[in-house]
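Below, chain A partners chain B and then partners chain C, in two separate complexes.
Showing the complex of A and B:
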């Protein structure tokens, strides 16, 4: 009779190992986060929460976060939906260009976008204000970005592309025959949009509202760069302030947990609202696209859409690049003032310059590689029906989606700054944050790639005489390679651009590009801010372009 | 009264060098069903979209109820043509109930609630969905969705009903049943209709007027029976069912009949229509189309037969009531359908014959 160990199948061992690693990665920080929020010097109590809800500046921060979230969600979704409709459903000119610009916004980290806005419209440093003062001789700038209104504008500019993606995908997937049917029955193009297309896109609309809200509430860069100087505080900036010496991890945990709870609650509401009533319809011939003819209005539409992407994408990035190459002067423009001095400074003179770039690359590479491997194993395990509780693995992989990066970072600090393993102050803790926070994307990518590989493909090889391992190597591996690679690239790019977790986890020895940029920003070294940001953008673009070359067009979609 | 008229319609697409519709003219009379039949890519769906107003013609004009709705480079938008259309995908709106789907067009016409309810109910009765008004499309079958699409199109009393391969997503049994129902409904309502399909059996059942299209032009149009029995071109003969198409040169052409010299076989006499006769002269390449059922098999040469050829049975395929013989005479392989009672063993010598009027002279294409 076989002993108990003989009954442990190899796939069970893999499953248990994967689940354990995931539990340590995901659950441990969450557990410590919750425990920390109840921990005070006098033992476990609700004192931290009491403090959070009693102190005025925390109340204000929560109110401001809510305002910021709602305003960004409403305006962001409106703008995103309008642009998505114009681009995918009408005969507006320059559709392609507009779409490319909106998608281009994704290549720019949110905090870089915020800093660009300061370089553009800050009261003293802002180029627009400098031009205004030079032109009018006025001693005051035209626009002051340092206000709640300014913060909202920047947040809207940051989140609207997300709404655009949801709505654009929905409109593109919708059968045009749905709208054509309404037109033939006598509905005008606009009416067909409001009675047919928009209601059909309702699931995407709900998703757009919720995701833009969550994105805006979780922003750290914009509130830190724009809100703090204006004395407008939100939850994320207050969590950060609690880490100033002496750090109050318990309070930070109590303040950030509600953020995670709101995220979980809204994702749950979204599930509830959309539910299983996804509208799947029989597709028609597709083929030719009936676009709503806007008549002469199409030029107005193109003007409005063009202005939106000019202001949100072209202008901030143009200013960023310009300022990185231009001497800091307040005089009039002169060609002689172009200079490489800022780059020379951040690369060779600034003490944190090169180390931060190296640290960013090392942590991003490590996070991407481990995330991709772990996601691959998890995807395999979770797709095998034979493994018990395989769903747990998938759940653990997806859970970080519901935890804002900064909240997760608080959990990591609570876990690894005391006790058995002290990781605070190492690059490892940064890599852990990047890895875990982005694990869902790597998992989705691998999972989708695996789903597209029908088991019959592998079986066909087996029937022809290949061993299980050989079938895996010859058939399945090449087919999912693209999914794995695109997952890797997403994690790598996301790791490089993170600020909100890094800002809680870095120390002077482990500074990364994003935190270095914030340091020179606080020192008002605008040229250095611009130069380092351009370097960050360049690394990002190179990574994505390399993926583009390797995978073909759909670098960021799993089934490339 | 003519409900729809297409006059020399031309349509080009920017990315294609050749026009997809090249000078198309046809008309639909009151209560008539016109079927556009052709292989995929022949332009039949494009034609329908031009009529619907989903596309604009580059040349020619389109008239609905005698009123011009489209001309070179312009067209009334679809919502101002008073048409009903049933799409291949049904395009039944999933966020509206069956009732709401059907009522939509009436609401746009600002009718009173009572009137809308009455007419929607009548339309639902007509398509046998009387009790399903409160259901959502996801709660009914594909065949029922099809009926909703039909009710939605006819409830507004359109000038013209457009049907774009409406049955192609249904299974075979349901398709045949719906064909007959659709025809009955269209007759009952006296609606003029255009029906697009690539299924020749469907076309035969439904068409009052059959238009066979190929590469953007009309290959032949007329009553379905006439087109089937007297194809004008080799393409039409082949497209509408199985046929034996013998290619040769015209040696003699009279009124109503002609002789063809078929290499490797001999002389063939067959029916010549005036239309085809006008396009042919002695020495031209042409074909003769003879349906498998029109051929006769015998062991000895039939007396008095004009067209009789010796051959050898290569294969015998039992089809049920009929048996198909593949017979070889020289370079020609015949397909012959005869009643299953008669039996010729594979390998045996036979005579194939047919009456001149059983064959049709067709243009080479």
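Showing the complex of A and C:
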């Protein structure tokens, strides 16, 4: 683009540099991913794809990923929508508590959830199944976690909070006059919900469907922990197995790309359905705002909502916390078996323990800070259209949404494990993965925040002689502090939770907490699994709670 | 002048003799000398040794504690399944981020491959000549088997009693064990690879097809004491040391059966990595692992010892191995079989 570069102003260098960094961050791995998928020992060919479509295991994996995605999306969105409506639009009791629990789910990595579910719903000895058998006298448990069904249950528990956030924001933004009118004309609360509120929230609903689908097919830890033992494979677990020593990057790339294509297709469908509004929902200021009175049903509603968050949030985490302080001997319960030994072990004896915590913190902090900075500049450029390629910048920021974390990691390995820059085996490659994968969230929150800041203030500064860069630094950035901070926290928490990219990128010198948890899990050390998980949770809870303090309940909303 | 020459002669002769002796003994000095005071001093200066091991964590920690107490050299233990250890060491070697000093897995072929890749350095422990069989060592002393695991069926002794306890591998195909068995994965577990190799030799792949029909659960590692103790599965196909691991954790509900149709001897080699950051401490550690003292700890952990020494004592309830059909594995045949075996096993059990 010679045009903008030809009449370059000093501050333009910053915009151009940011755009270039974005292009390298996002496009380079995608390019290498595509090239790798066509590369074999004998040069460029379709052999990797031919192999993928020949092996039955890979086909099964694709089918299972699809089933997992659809089922998790349908159930996840249904549950998320129900809870969001109850919390935001009704007079159900315990609304605040329910919302905190659902938001709390964002602190918990999906695979940690899956591991607790092994303890809860193992077919023979899971606590829930034991209770079921004791209550009913049945010889068989109720849930077999080691199955596709079990995997779906865990995936639903993992993705429904995402649907909740989309729907919650939509319901809060919508005014209630039409619903009230319908009620006055005799419609039941339920009918008003299905005929008025839900159709009004259609953009959010579609976004929720798509995002939960994407989140579910991108899961790695849960399928690895509970799918693989039951011979249920999905694309991500197969990609991982291709990375076992010696890694077959080309095959992994060929298997990953269909996943990225499905994602792109879905996002395209979404655009067709709801136009250019993307993920933002209608956020009008609202006129009259009345909660639906559920009458006596509100206690039933509270019971159902309470049960859902109890089963998906309270129970799995309680099991973990308990296990992290308990020396299990499988005899009778004894108070004397409470111990700090598991913590002592992971902090002092396990050689990957402390380094993994340090590595996680360093990479997550770096990713969050750089993502917030890049997102701020990118949002500013794309909103204020100060340069011609502003639209491209926004596109680059949102593109990683279309690439599942593990697929992106395959691209990073293909890019940085040979050639000019070798980053494989360093913390940088992990930070790059976290940064890029979560950039869309930081961008969305900066973008939304920027939308609410009128350009008058900037213009005033410009008139008084400040450069655009200075206006951004001194006027705009402080004004959208909340948007920035919310983006920062989302990137930080997501980085800490990540397993699917980390598992391909870590080496023994760059273990992070999530990979360390998988390692001790594979070594069958449940006490260490629990202790490390609780440490991870604690870090995330502190980060999110601090954000909640500063930003209120919109802390994790992509449209904050 | 003459006198002077005479007086110089004995010294010259001595020097010659020493030189000759050094030349003659050099190869054996290099490989069969255990440790010298110099090595020990250097090891203490290094202060620590990092060992990658597939030995059970309880056993690994016992070895760590005993060695640290004796030498004051810190042992960093990384316990993972055999293939994880092997992959990690390879990855570190390729990247040049060598963190480990010693490596031990339950797969002998790993060591043949690592030696070929020049990842190992030769070192012969002082007791190398006591190792039971020539098959258990590399002739050039790049590795030696440090333990012999005994493959076994471990079970939940609270839920399985009397005739319900399986006696042979073949018993596991009985429909009454449907949904009750757990095994490791051939890709990651050395035990499982050896069990699969031998059972396929004895009964053909029909055996594993039968296990699949019986809904065996396939985890990464076969060491699923907790899963069995909890009653999630009742039988695991693993090794005898799991019984002692459970005891060390005060878990009393685990029993172990050495199968009547064959106990496969799983040799677990130990070696020092070529790029060990603490080479002297590594030598002291490996030398000690092969001493009667180190070997006794292995035996107390439920393995058979690799060396034959009267100084070692067996635990009182250690089974009389003469009563069983002990089966050695031919390493070359196993290596040839493994890639196809992995393929077939993965087809049956995924992963």
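Please note the rule applied: the second predicted complex is superposed on the first by the 470 of 560 C-alpha atoms of A that agree within 3 Å, B and C clash if a C-alpha of one lies under 4 Å from a C-alpha of the other, contacts with A are read in each partner's own complex, and residues count from 1 in each chain.
One rule holds for everything that comes next: a residue touches a chain if its C-beta (ideal position, glycine included) is under 8 Å from a C-beta of that chain, and two chains touch if they have at least 3 such contacts.
This one's a predicted model, so the numbers in the text were calculated from it and none came from an experiment.
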{"item": "Which of chain B and chain C A:199 touches, first, second, both or neither", "value": "first"}
{"item": "Touching partner for A:339 - first (chain B), second (chain C), both, neither", "value": "neither"}
{"item": "Partner chain(s) touched by A:183 [first = chain B, second = chain C, both, neither]", "value": "first"}
{"item": "Touching partner for A:526 - first (chain B), second (chain C), both, neither", "value": "second"}
{"item": "Which of chain B and chain C A:452 touches, first, second, both or neither", "value": "neither"}
{"item": "Overlapping contact positions on chain A, where the chain C interface meets the chain B interface", "value": "none"}
{"item": "Chain A-touching residues of chain C, taken from the complex the two chains share", "value": "50, 57, 61, 76-81, 83-84, 86-88, 90-92, 95, 97, 99, 158, 179-180, 187-188, 217-221, 223-227, 229-233, 249-253, 346-347, 349-351"}
{"item": "Chain C-facing residues of chain A, complex", "value": "57, 122-126, 146, 228-233, 241, 244-246, 327-331, 349, 351-352, 424-425, 507-509, 519, 522-526"}
{"item": "Complex interface listing, chain A residues touching chain B", "value": "175, 177-178, 180-189, 191, 195-196, 199-200, 202, 277, 279-285, 287-288, 290, 293"}
{"item": "Interfacial residue positions of chain B with respect to chain A in the complex", "value": "45, 49, 52-55, 77-85, 87-95, 104-105, 108-109, 138, 142, 145, 149, 152-153, 156, 162, 169"}
